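Working notes for the structure below.
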Amino acid sequence: MNLGFTIPKSGTLDLVSLGALIHRIDPGIIPFRKATNFAIHVSGGEYNVAANLADCFGLRTAIATAMVNYPIGDLIAERVRAMGVKPIYRRFEHDGTRGPNMATVYSDQGFGVRAPVVFYNRSNEAAAMLKPGDFDWDTIFGKGVRWFHCGGIFASLSETTSELVIEAMRAAHKAGVICSFDLNYREKLWKTAGGSDRARQVLGAIVENVDVLVGNEEDLQKSLGFQGPEIAASSKLDPGIFLGMIQQVVERYPNIKIVATTLREVHTTNHHSWSAVAWVNGHHVHAPTCELTVLDRVGGGDGFASGFIYSLLNG
Amino acid sequence: MNLGFTIPKSGTLDLVSLGALIHRIDPGIIPFRKATNFAIHVSGGEYNVAANLADCFGLRTAIATAMVNYPIGDLIAERVRAMGVKPIYRRFEHDGTRGPNMATVYSDQGFGVRAPVVFYNRSNEAAAMLKPGDFDWDTIFGKGVRWFHCGGIFASLSETTSELVIEAMRAAHKAGVICSFDLNYREKLWKTAGGSDRARQVLGAIVENVDVLVGNEEDLQKSLGFQGPEIAASSKLDPGIFLGMIQQVVERYPNIKIVATTLREVHTTNHHSWSAVAWVNGHHVHAPTCELTVLDRVGGGDGFASGFIYSLLNG
Amino acid sequence: MNLGFTIPKSGTLDLVSLGALIHRIDPGIIPFRKATNFAIHVSGGEYNVAANLADCFGLRTAIATAMVNYPIGDLIAERVRAMGVKPIYRRFEHDGTRGPNMATVYSDQGFGVRAPVVFYNRSNEAAAMLKPGDFDWDTIFGKGVRWFHCGGIFASLSETTSELVIEAMRAAHKAGVICSFDLNYREKLWKTAGGSDRARQVLGAIVENVDVLVGNEEDLQKSLGFQGPEIAASSKLDPGIFLGMIQQVVERYPNIKIVATTLREVHTTNHHSWSAVAWVNGHHVHAPTCELTVLDRVGGGDGFASGFIYSLLNG
Amino acid sequence: MNLGFTIPKSGTLDLVSLGALIHRIDPGIIPFRKATNFAIHVSGGEYNVAANLADCFGLRTAIATAMVNYPIGDLIAERVRAMGVKPIYRRFEHDGTRGPNMATVYSDQGFGVRAPVVFYNRSNEAAAMLKPGDFDWDTIFGKGVRWFHCGGIFASLSETTSELVIEAMRAAHKAGVICSFDLNYREKLWKTAGGSDRARQVLGAIVENVDVLVGNEEDLQKSLGFQGPEIAASSKLDPGIFLGMIQQVVERYPNIKIVATTLREVHTTNHHSWSAVAWVNGHHVHAPTCELTVLDRVGGGDGFASGFIYSLLNG
Amino acid sequence: MNLGFTIPKSGTLDLVSLGALIHRIDPGIIPFRKATNFAIHVSGGEYNVAANLADCFGLRTAIATAMVNYPIGDLIAERVRAMGVKPIYRRFEHDGTRGPNMATVYSDQGFGVRAPVVFYNRSNEAAAMLKPGDFDWDTIFGKGVRWFHCGGIFASLSETTSELVIEAMRAAHKAGVICSFDLNYREKLWKTAGGSDRARQVLGAIVENVDVLVGNEEDLQKSLGFQGPEIAASSKLDPGIFLGMIQQVVERYPNIKIVATTLREVHTTNHHSWSAVAWVNGHHVHAPTCELTVLDRVGGGDGFASGFIYSLLNG
Amino acid sequence: MNLGFTIPKSGTLDLVSLGALIHRIDPGIIPFRKATNFAIHVSGGEYNVAANLADCFGLRTAIATAMVNYPIGDLIAERVRAMGVKPIYRRFEHDGTRGPNMATVYSDQGFGVRAPVVFYNRSNEAAAMLKPGDFDWDTIFGKGVRWFHCGGIFASLSETTSELVIEAMRAAHKAGVICSFDLNYREKLWKTAGGSDRARQVLGAIVENVDVLVGNEEDLQKSLGFQGPEIAASSKLDPGIFLGMIQQVVERYPNIKIVATTLREVHTTNHHSWSAVAWVNGHHVHAPTCELTVLDRVGGGDGFASGFIYSLLNG
């Protein structure tokens, strides 16, 4: 299929992600207020893509991000190494008391009729302090990189992070690197970052630099201000609504060659029907539906983006 | 023994503490960077005194503090109830992303030659926003309270928390309530709060309102600027140095009637020798030495303050 | 909807329950004979209603019950405080060997085609020693109570507990408090307490004092001796059989203004379809059916009673 | 060494114990009132000897006891088989509610300065219902048994259990089987079983049938009414006091050929110095002292009895 | 129903199995490469039948197998005792380094769309060294045995194990003992044991001695070289294909009187539809279909064989 | 101090180890035969040195070893990455059944008077198949390596592994890389590898290529056949015996410039006194004694070698 762009055949790195590394406090199926024991996972929407590609698919990937010199930073750095992701760290010193911090996301797994609950402590987060100039993109991309990935979570962290995304994408394009962006619209994050108007302004500027966009119809509406369809979908697994919005997207952003999203019907917290749909340079691709027994839905969208990018990188 | 003051014989509450409630992330004996599972404990230097007095000694106690309406706040509130401590909460709403937060303290237990490691995420902490006027002290103390307790950790959180301590102590004294203060000097906290000079200024103003002071010679030096002794102690269990400093203390702060501290010789993380010494209105009291097998030393000083206050409340 | 009675608009307590506190030994999905580790939960059919209303719905509730002064009693008392339920305890001393005991219920969670197994050690149970005169109902209800709840489990424990239920309900009515009773028929409990004949006699006498009755058709038959319907239901979710029995109930007990029950189709231990139906002063109310992924079914009926009472208390 | 009796050289069973099987609820180092998770161990003072001899030393042993047909009984029976102990069960049916029960012992492990806490629910215990005639001793001993063991815990359970002990010992002697008895005086058990006077009467009658007696000076005083020594021991590891009492013992009970006990100095819950001493047919045997790091002291005395009997059986 | 053979009505043992005991390393639902903690289960296809019959159905069973004198052997022997299975061990000494070993099977539980992964370390396995002459079958069967069971896993371990199976079956038949064999075809095991040709040769020789054969159509094809049906089944629960192959089986092996198998439709790792079908001396028996919530599928076929044999033994 | 050789000041790798990677099955303080749950650790005497230097000291290290393509290999490879050790793998395919395997070491932690128990399943171990020619040493050392480390465990695995050690050391010396070797004499390993005579022959040939030798007096005697001292040491912490043997060592192996060892007095499994002594090019270095609370002694000697090499690399 003609993608509308050419992915470098080889490189020292298959993908570089730019995004925050966070530690997730996870009480499993117990709601937070009743829990006494927790697992800590290392996560981050943009990082997850680099991690999945390295750990599940054996690609060579890297994460450009902030790292704080304190034990939580060390914990996170060990897991990044374990996943086989090359670290490109801008380092910060912790003052012992208030930060800068590796952010915390609190998220349980939910159960049955109870959905997962997600909230953050991103106060004084090191990753939000990242700014243009912090990474030497020319050197990073100069060694041969095939793909650059970022997303809306990192873009929402501060004014400087969204500027950094654009800086990185421009450097990527200069080096012939394909750029993807996962809109990943999070009400909570943007609410404290200027609201939906600022989201649209910030994300709109970023998307002008994107080759491959990931996001569902709600992301397209809330992140970029596109109009939703006039007719109702027969089900959440119906790709019609999503595909019906693409014309607007590619008209405004002719640089975008691919738009893709998952389609999910959430029966219970532990049972989802999943499908996916992509608009690829004018063509429609619709995945078969899969019945999933779900242990923990957090990060599911990042998993989709990972697999989708893998298939593109693998031809 | 004549204490130099009179404790109310009865009241609806035996003690009210003022301080922050925090949640401790505890990986046990595993260092943070190697840990994957954690217990969450509810703690707080000032709260611990109220909790111990209620849970171990059956007294009626309360905690005046900040509480955030989000699941970590709910978790903390449940444990406060479980300990039998009456909550007096100034409530805050969480924005889902950056706070205000119930602070996090990360602390492992150490092992053998490895001491516990302690660091915080107190960024945008709700308790630091507490300020004079937030609590109706006249009503609180008006129902009959025997003792008020606070400490240096809470005083260090912000300009307004130290002002709030003084406001509370003045209201307490007006109502005939005894006031104790645990200096609890923490280098890390004051370093980001104006340093040792500000510590001395802030704590000095508070201590002018105190009847019972808890702190060792290092606390007295760093918190209040007293001079250390010229001669070396034969051991950390020797009460001489501590007692040698008291004259300076009571000259500058004649309101103080009791000064007490633990004396500890730390052989390994898991084996301490403990004693305690008090200057009580001119008399010296020296506890026998006890060999302790130590599971987790964090909060040990609060335990001492609890037992010491209990014995005073119990005559 | 006209309920046929008037619930006090306000009070210092929204609900007082009378019943036994027990500790549940729970091996999770492992059958008892293969298990080596267990969780202990604090439970009790009547207590669960007070606990759910306090913990989930934020009401002010209390439990009147027996409490034994020994470590298992302390464990239970801590959980009661944690749930925010006010304790009204008649206290007993433990002899170290044989009791009186806080009763044990052994109950696993079952799995798939294996249902949970439930059995007791209620021998020499403190709660069974409760008797008329043990609680000062006039004082308890005099401070303003909106609702009183009890159930068939507590009534079965001894001759004196059923007498105590009637004493409490009479005092409640005198104070204008609404009385609910959950029949909760348990074959095992009544088998050792005089059998079904005595159950009918005891429960019949209690129900004469009840405003709101909770129980399904089997409860109505076994507890109160009503006749079952002549025709078979199309499914366990069909409310017809239950509603068809109500005429008999309200004829014999005109004091009863509401009868309610869950309707459950148990597909496997981990998948139930739930609905509920109520006869409310001549009207029928039928809840929609909900597909539940079930972690642990024990206490499900108490959860229904809690939600049902909450909705009545909340208008 | 001449023991004063002759142990059968061989047999189908090396030892038969008579005693109750119990399940221990063990929260580890957490005190009960703070614990939420527990291990269940199968224990019983008399059983432990049979279990240790089978599991650690490879002997063929059996336990004669009560077994209840319910899941806790099944759990216990599996562990008995796992230990390689042959069951000789008198079976009881459980009524689902009150018993007869396999007794519960609640016992934590203590920590440092906190000693283990032990209490029971032996209400309506099946083993207490055992009585003369329940076991066919002639058949049991007729197949070749070398040793019979019982102890003071089982003897205290009821009037019939002490009678059963004597019945068993008489049958044992008739068959040439050596009889040992561990006094194991437990204040709590005898307090609810007629007190120390009854203990002396019951145990005195049993001891008339004993060849090998296990017990320290306190056991000898409280169980059998012997006078303690007039002089104080230099330490708990000094065998003098114990040996000084033996003369009284063998004068009153000339049938006793061996008396043995541990000598323990408990420094902390986790550090004991252990030794042991025995009077063997007129000779003194004194074991070297061993410094023990103690994980869980419960059952330590049974371990000593096991090793001591093993050494006698092994010549 | 006329089975075509007569099962001994009684015996000192209901069943003797011959097969390897292994220890399974089980990380639960976590894939091996991400796991850090594991349970060890004792397993073995042939042993599982003896264990289920003893533990679930209360029969008297035994396992004839190899046992190594080292701690993993001790661990395994304890579990065998716990299950109530009589051990008949040919013992081997471990050299501390390379064996002979009790084999390891590594098997997780899978989850949802991820099936369990199974692989082995059977290198230098003690059970593979078992050979004709290692067991005194005449004595074993001479004491009264009703049934002998073996299977294809044990037969694949070495040249001598398949010879031992035939030796045992011939001795069994001489003593009037019924012989069953579960084909249990495992690609991985035969691949390293001479491949499918050798499988057919070895298993064909064994099956000539079998009364009751367990295996599905795939087992029949791969183990014995029968031809599969020409038409496709409507579903995996359709017994047609299986029954259609029986004619070939009984023509070639007229000694076989019963062939039985499960029929399974695996919807996800955690949801199977199960049925079973048997050809019994010319008659067809088809079990109803059961929807199973599956915790761990490993050993499911052994469970079927156990229940099937139980029903035959129980008439 | 003049070491007698010159360590390269810099390089792309600070150290390369050659040795086997194994997975340790660890039941903690529970003896194997009683355990049901286990942790898996990745270990290996030679690897541990590379891992400690990377993880604790931040050096750049690598491990040259065998890696098997199967889930246990994947598990091990992830931990190697997590520790920050660069993998240099010779890869093997697993046959699903018998190997080649990543070896298993079974080792508990012991407790108090019970020492740890260690045994292996090294049957058909991939690392034992490593042989000269498997690694391209010239390329590995050509990129700049400062130190090469190996030990007696790897040397004992097979004839080819000891040859490989010599090949590697010769290549190292050619490239100016310092060579260390830890004798690590293991009775169990050599017993099945030709015994002590072969050990002496194999290890003697290796040691001719060594600059820095690690081993205590027992290692020197058993590995290399040196004579022990004529006089007894006052304690195991006395360095006299060790130093007294050095003259023999350096006379026979003049290439050796440093010999070092730990000195340990094992009071209990959980309490050791540790010291260390080194002969450095004619000088004696004796470390102070340290009282260690020991969680798990396995790998302690590797920890010493790591710290010792670190101090040499760091000048």
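Going by the order they are written in, the chains are A, B, C, D, E and F; count residues from 1 in each one.
By our rule, contacts are C-beta pairs under 8 Å (C-beta built on N, C-alpha and C of every residue); 3 or more make two chains touch, one makes a residue touch a chain.
On a predicted model such as this, the values are computed, not experimentally measured, just so you know.
> If we look at chain C and chain D, which chains touch each of them?
Output, common partners of chain C and chain D: B, E.
> What is the set of chains touching both chain C and chain F?
For chain C paired with chain F, the chains in contact with each are A, B, D, E, in label order.
> Only C-alpha atoms count here: how many degrees separate chain A from chain E in terms of the superposing rotation, rounded to the nearest 5?
120
> Determine, using the mean of C-alpha atoms as each chain's centre, which chain is farthest from chain E.
Most distant chain from chain E: B.
> With contacts defined as at the top, give the pair, A-B or C-E, that has more of them.
Output for the comparison: A-B.
> I'd like to verify one number: the distance from the centre of chain D to the centre of chain F, where each centre is the average of its C-alpha atoms, in whole angstrom.
49
> Distance from the CA centroid of chain E to that of chain F, rounded to the nearest Å?
Inter-chain centre distance comes to 43 Å.
> For chain D, jot down the residues that touch at least 2 other chains.
As it turns out, chain D has residues touching two or more other chains at 36, 78.
> Draw the chains as points, connect those that touch, then say whether the picture is a line, ring, star, complete or other.
other
> Spell out all pairs of chains that touch, sorted by label.
Listed by label, chains in contact pair as A-B, A-C, A-E, A-F, B-C, B-D, B-F, C-D, C-E, D-E, D-F, E-F.
> Write out the stretch or stretches of chain C touching chain A in their complex.
That would be residues 290-295 of chain C.
> In their complex, what parts of chain A are in touch with chain C?
29, 111-113, 267-271
> So in the complex, the part of chain E that touches chain F is made up of which residues?
Listed in rising order, the residues are 25, 31-40, 70-72, 74-75, 78, 94-99, 101, 104, 106, 117, 119-124, 188-189, 191-192.
> Within their complex, state which residues of chain F touch chain A.
78-79, 81-84
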